[in-house]
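Read the structure below first, then the notes.
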């Protein structure tokens, strides 16, 4: 079992990783499109949104920054920026992008927690690394674009990421095989985010 | 003497460290409270304000990031965020918080300079690490909350931090025992910040 | 030839490096001057603008942060801030500064790409490190000063940096001696930026 995991997990994780990068990069490039920016700005937004979260995670856990070591990650961001630039903005349905982003959010939360835990980092910081991996790119994108950050909206977003990352860390510490723990926790995070998208679920604000 | 310092200093420094984190985290959570945010945002603001300065310092000096290695730091931030969330904002007197913050500022400026100097970093960069440790959290908090940064206000704040950090580095390089140098320089930084709070001391602006 | 390069290059590069730092630091201090700030803010803006890009580069490539190891870099920023503070703003011609900045941009783009490539980092990430070294300081300065970022302007700026960094990486990978490759690519980046300053060259914006 563990052998199978060790063989399958890296390839599967690498594929999910490039998918997540592309989805986040597309949301960054679309923010540049809404601002009627140039191709250079498209590339800049796509890169920062696509690799921002994982970069902060790698710096914090002291790992080599993933995209500096592997050119396929920045190349994916640049290709995504070019694709968005070459297509009219109306073919990018915000609704469709929300759903891709939900998949990216769930997958990346688990991926970040997995990477941190696999380097021997404790449960609470490992869970936080999952949230950072999934959410920091969007925070940077919103800051660059000058729109209110996802962090400041009551909509369930960071919470879904925290659920996915926290559940993974819990199941992993309970001894569950990595792939099973990852699948269950990513599904749980995606389900919560899906409910938020469809039903507008939000968490209560401070009354003072 | 040096042996005593070596025994007492770590425990004392660890306690002051958690206190400083809690004070800064509270100021971050209160910024979220003023914006009528959710508990998730409270946690986010508390974490970034509480550990932001030390995180930047550790990255710059190439040390393992302190809170990734020790879960008590993020746990302190999260507990502080929950405490602020559960209490009405009016019991948090801005005046009282200013005074706690002044203690945190003085202690953290010295702590950051001490950590950098103890890793063999030279006087000027070590002093700057003290200022970064004490001030970056507040800069991030103000940026997140959309209020003018403490850096842009003429009030003596960064100056008090620079005094504490610079004096520590000077006394340490003159050969003074660490605890004595730390106590004198933290007291000097606190005194300057206290004068600024009570008398509204400010430094002159550029006339052009 | 290679020996000559090994002897001359470090001294030449160190001198260009301090010059680039000073030019960027001056542009940061002048942003503080336009905001009628205090000397502390001048120092803060000069430091972040002067060493910001190189700091991000060193963190990303896993190198010791250059100015933490060598106090002459932060000292140059602080001296520049003091110089701007002591002089009336009108003697700093925006036009002259644009030209200094153009030299800094070209030199720093090549320098960042050179440092990354010399550490064994691949072509695409190495080129990106050149752009980051040259452009991140200005992005931070504009963010601190609350003016629209250079990244969001259609003017050729990042593009000139990308040309210099990309050309250097290409020529280096083709086997050209380092100094020759650096001189050609810095000249090309400067020429493009000069054309942008003189003729207002801009790249097209997204039409949607």
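Letters are used for the chains, namely A, B and C, taken in the order the chains are written, and counting of residues starts over at 1 for each.
In this section, a residue touches a chain if its C-beta (ideal position, glycine included) is under 8 Å from a C-beta of that chain, and two chains touch if they have at least 3 such contacts.
Predicted, not measured: the structure shown is a model, and the values here were computed from it.
Here chain A and chain C face each other with different sets of residues for the most part; under half of the interface numbers are shared between them. For the pair chain B and chain C, the CA-based superposition corresponds to a rotation of 120 degrees in steps of 5. Chain A and chain C, compared by their mean Cα positions, are separated by 31 Å. Touching of two or more other chains is recorded for residues 59 of chain C.
On the chain A side of its complex with chain C, the touching residues are 32-33, 35-42, 44, 47, 55, 59, 64-65, 67-69, 71, 74-75, 85, 88-90, 144.
Across the complex, chain C meets chain A through its residues 59-62, 116, 121-125, 128-129, 149, 151-152, 154, 158-159, 162, 202-208.
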